[in-house]
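Handing you this structure, nothing more for now.
Residue numbering begins at 1 within each chain, and the chains themselves are lettered A, B, C and D in the order written.
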Amino acid sequence: MSTVALPEYVHHYHDPAHADDRSFVRKYIFSTDHKIIGIQFLFMSLTFLLIGGLLAMLIRWQLGWPGRPLPGGAVLGETRMPGGIMLPEFYNSLMTMHGTIMIFFAVMPLLVGVFANYLIPLQVGAPDMAFPRLNMASFWLAVVSGILMFAGFFVEAGHAAAGWTSYAPLSVVPEYSGVYNGQVLWTVSLIILGFSSLAGAVNYITTIINMRAPGMTLLRLPLPTWALFITSILILLAIPVLTGALILLLFDQVLGTGFFIPEMGGEPLLWQHMFWYFGHPEVYILILPSFGFVSEIIANGARKPVFGYTAMVLALAAIAFLGWIVWGHHMFQSGMNPMLGVGFMATTMVIAVPTAIKVFNWIGTLWQGNLHFHSPMLYSLAFVSMFVIGGFSGVFLASTPVDIPLHDTYFVVAHIHYVLFGGSLFGIFAALTYWFPKMFGRTMNERINKIHFALTFVFFNLTFFPMHELGVNGMLRRVYDYTQYALFQDLVDLNRFISLSAFALFASQLIYAANYIWSLGRGARASANPWRANSLEWTVPSPPPHGNFDSMPVVYRGPYEYSSPESEEDYLPQDAPPAEAPRPEPAPTFA
Amino acid sequence: MSQAAAGAITLYPRRPMPGMGVYNLKLGMWVFLLSEVMFFSSLIGAYIILRFANLDAYAQPGAVLNVPLTAFNTFVLICSSVTMVKGFAALQTGDQRGTRLWLLATVFLGAFFLSVQGIEYYQLASEGFVPSASSYEAEGAAIYGMTFYTLTGFHGAHVTIGVLALIFTSVKAFRGGYTPTKLGGVEIMGLYWHFVDLVWIILFTIVYLI
Amino acid sequence: MDWGFPENVSTFGADIDAAYGAIFYATALMFVIVQGLLVYCIIRFRRREGRKAVPIHGNTRLEILWTVVPFFGVMFIAYTSASVWLDIKSPDRMPEDAMELSVTAQQFEWSVTYPGADGQLATADDYSTRNELHIPVDRAVRLTLHAQDVIHSFYLPELRVKQDAVPGMEIPVWLQATATGEYTLGCAELCGLGHYRMRGTVNVYSQQEFDTWAAEEAAIASGAPASLPPVAAR
Amino acid sequence: MTRFTRLPALLTLGVLAVAVAGCGGDGDTGGAPPADATEGAAAVEIENPGVITGTVMFTGTAPDLESIDMDSEPVCAEKHEGTPVQESVVTGTGTLGNVFVSVREGLSQEFPAPSTPVEIDQSGCVYEPRILGVQAGQNITIRNNDAVLHNINATPEANRGFNISQPQEGMTSDRSFSASEIMVPVQCDVHGWMTAFIGVTDHPYFAVTGPDGSFEIENLPPGDYVLEAWHEVYGAQTVNVTVPPSGTAEATFTYDAAMSASAVVPVGDPVDLHDHHISPVAVTPAG
């Protein structure tokens, strides 16, 4: 240990006597406070979530009523929906942007931008991130990127239409796609978003490694922080690969190079390898944080320690590691050497193992618990149930021969939505609701949340479960008008049913949005620890002041000491000194 | 646990946790460099794949590229790493003048490297080796030019950023901005510089020698 | 609408369907176990006043059990899948005496080239069809996929074939139909705004019918005027 | 492969971002002419206008036309009596049709684009007309008269191309080209046989011959001109003509069936105008 004292180590804790005298702009717009940045990310990504959902509704209109004019759809213009009839190129833009926006601008920033920012310093006991200004840059780069991505809808010849995977050469050559600047905007926007994610990841990793409070050993970290830590490592290592691939794509698009153009010596499959080398870790970036949130909330709801905490951490790490060696399973039918397919199938199958560990450990956490069904708990239980279905459909797709009929059909669409909506998004609902009192000092209306939960659960399954059936029947994804195929003509009724369910699903989300916005101003005041939870963020006021903690917290135990014999109450905060009773809290607001 | 209750501010003790034993800035730079490793890996990977797919399109070492000139340039860049180390060592012993001079030397060597690379590009371009398809006569050369300029160009961009950052660091050093107890800026500058140097050695081997 | 895959008319289709069925029953069993446990916990351990949860931190023996069992389960699936897969896709295992056809994909059509009377591709008596694949029943057919512009995917749902056609690559595919009739040919990889229209038919004939058809086509092809010089478009 | 270098796109990205906030409208209608533009060349007063009349002759035996296999598109096949053919060579008795004739050199005035659009139909899975002339900036109305998807993929060199679709019968789209270009190839990718060529000029002095090979270009200012004929199979030719005040000039082009072997049809690339003095009738193998 060096004896040189370096000022970099000094962190400012909150002083209640010292009023927060930052200007409005510094406090709420160009803020370096991790909590404000988290909330900024929150509203940005919720906006994109809404936009992405609206795009999906347009897609479902076309699939439910192929070629039928959408009432009022003509307002979108002659180049998109002339007379309300959707054009195929607009359909392709819609499904491309639905995927891109949901993955890069809704789910990823909701999981990482919002919760990594908000939770990590609070859960490790730090006053802020390691690099607050870098953190601010991360948010504003994401805004720039989002604006560029959205701008694509308004440029000549429309937005990117080569799918969110943007396979070359379709994404490169305008004569093939009919898209000109839209495709370039897509590429540039994602390059910028990559820098934003990178800035975030450097911050999260450094903060978790270096800024933990005394006593906060790695195996006392709450699981959300663990999940976000591993997610950050994935971002750190995966995003640069995407950036490299995107830069080559951009050169092909604007400078006339041909990295992915066979006539010029390029390789179309190189794009796929580079994209999926990033893309599969990306899938785990989109689910691991939800694993963390759900573990936290299930333990809280069950009033029990997480079953097999260490195994949970190891499983997270194992999933993240395996995520690097399975990318080829997206390319089984791509013309890749079939022997490689066998290898990728084997590694892909192995991922089921750590995933099974997590699922059984969640059930183990419920076992002999005292289950409080507050709304975050309901969302979390739905997460486990839906994610399991997404995992099982993954086994079908992982098996190379079974993938032959299922690849690029609605079976894949069902799979990704069971994982991303049934999984990630239920996890996000759980987390948004669970940490709402901490973020805004108020509580959401529990009854409305439960209505939202019930509607979402029902309509989610009515929307996406039948898609398995469509896929097994062979219905292709990314197809504007499947009735062109004689084989799929009798699928119209089922598609129409799915579309109606999807509309109801979308409408149900508006209930949550309304409740969220209403609760921001009118919700009941929240105490510091309404869920009677253990981790450090619940030891500070709701919302926490600038600088988070009055003084440095000291941690004595892990985060899941619920129903511990040490305590009279059924919870035991991480910073409560041994043999000291937990702070008195009012009765829980859920029931 | 020492809490210096100096006025309104509570100070973290020097090392609150058994972390990595390095301070934030240095850890952050290490973490960032990991992502840079992945970035260059992706470009180098693309280069290798494209080269194996178009073996005929790539010239033999020395047939197109000026290997001796670039070997000399590589030597220059390695020297700049040495001067960087010297600068940091001088700062640790409190030798302000040495720090400034070694930093300036590093700036000079970095800029020299870039100039030689610029001259090399100019020569190659005037011989017809440009990164587009139509201008170079050799068959299949498009892919060679594209990958060559992309790889070396991205490294050049990193060196450029490094030189600009070194100039900033040097100015700060001349203003006495670094002391033996406050040397984080120089140390992370060095980390970045050594990384860029290391990447070049790999690129030189792959692009010029193999 | 059927509840399973479309009717299978391919020799190896039965193996795929069997693999699908095996995974279906295995996952259905696991589905019942996991969701059943979940529902059981939710009902059995719902909140009761005055009851305190039991603070169990884990159980190593159980955890090892549910690590090892899924591992061998999925490895078994992977092992059985591998041979089916290689029989279908590996060029080494494709039938030697197959009829050779060439398939070219471009926006937005499939063109299939047949060897003429000489049985050889790339000779003068070749002829081709557009958006139609004509093959004899019970005979192995080996197709070489090409793509002109972007990536397409050669998709025959009833024959359980799906294989991307990538520009710059030649990708072999084989199949053997088991029943005559008209089936679906489609494109499974997004290839542009006309992607959804890039479909055609597979006509599986008896060998006799096929020979008749082939003779007719060959006659038309040889009698037809020499095609005009290509227009310098695209 | 022809591809745009879209470097300017990168540079305008920032502008685009602002444009989202600002315009929010439809940026894709293309260069529509101003509403008050009067029709055709009438906008420009020509003193003592002259006329060029002429014929495109054809010698040799015209080839049999390639038949189109429309089996996969019965909706279109029904619209044709007998087997539809690729109408690439349309001949009369010793004359050649579907030749695009236009003035290439000799004009000094500017001619505003007419406000009335020219129309091109897709009917029975062929383009009507196959050869179309249009002035730069003038709208082209593209109509789908078939109950199947057509896409219109225009791949010019000097202009911004487009690739749009019309999935339903009766749909129309308006597009225009901003720069003169002979010829812009147009292709339907869904029906690979569907081909059309659009000649874009920056003046109204062009014509497309009928099967009788005759053409007439009116209202020309008196003067010396280079006239070019373009045919998709037989290539391009140029000829010098002098138009007297208020008079008529004659011009004759002659194509031979044998030219198809050597002709490289200059699509997109303008012919070399300095070649025209060598011989009044010359096949210009461009490319």
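Structural remarks
Operating definition for what follows: contacts are C-beta pairs under 8 Å (C-beta built on N, C-alpha and C of every residue); 3 or more make two chains touch, one makes a residue touch a chain.
Remember, predicted model here, so these are calculated numbers, not experimental data.
The minimum number of touch steps separating chain A from chain B is 1. Just to note, of A-C and C-D, the chains joined by more C-beta pairs in contact are A-C. Chain closest to the overall centre, judged by the mean of its C-alpha atoms against the mean of all protein C-alpha atoms: A. With each centre defined as the average position of its C-alpha atoms, the distance from chain B to chain D rounds to 55 Å. Averaging C-alpha coordinates per chain places the centre of chain A 32 Å away from that of chain C. With centres defined as mean CA coordinates, chain D is found 44 Å away from chain C. If you average the CA atoms of chain A and of chain D, the two centres end up 52 Å from each other.
Shared contact sites, meaning residues of chain A that touch two or more other chains, fall at 87-89, 173, 175-178, 255-256, 263, 266-267, 480-481.
Shared interface positions of chain C, defined as residues touching 2 or more other chains, are 107, 192-194, 196-197, 234.
Across the assembly, chain B contributes no residue in contact with two or more other chains. Chain pairs that touch one another: A-B, A-C, A-D, C-D. Put simply, chain D touches chain A in their complex at residues 1-7, 9-10, 13, 16-17, 19-20, 23-30, 149, 151, 153, 155, 160-168, 171, 173.
Against chain C, in their complex, chain D makes its touches with residues 63-67, 69, 71-72, 86, 88-89, 148-149, 151, 155, 163-165, 185, 187, 189-192, 195, 232-233, 260-261, 263-265, 267, 287. If you check the complex, the residues on chain B that touch chain A are 1, 3, 8-25, 27-28, 31-32, 34-36, 38-39, 41-43, 45-46, 49-50, 53-54, 57, 131-133, 140, 142-143, 146-147, 150, 154, 180-182, 184. For chain C in complex with chain D, the touching residues are 106-109, 129-132, 192-194, 196-198, 200-201, 224-229, 231-234. Residue ranges of chain C in contact with chain A, taken from their complex: 1-6, 15-16, 19-20, 23-24, 26-27, 30-31, 34-35, 37-38, 41-42, 45-48, 51-59, 62-63, 66-67, 70-71, 73-75, 77-78, 81-82, 84-86, 88-91, 107, 145, 149-151, 153, 155, 157-158, 160-169, 171, 184, 186, 188-197, 199, 234.
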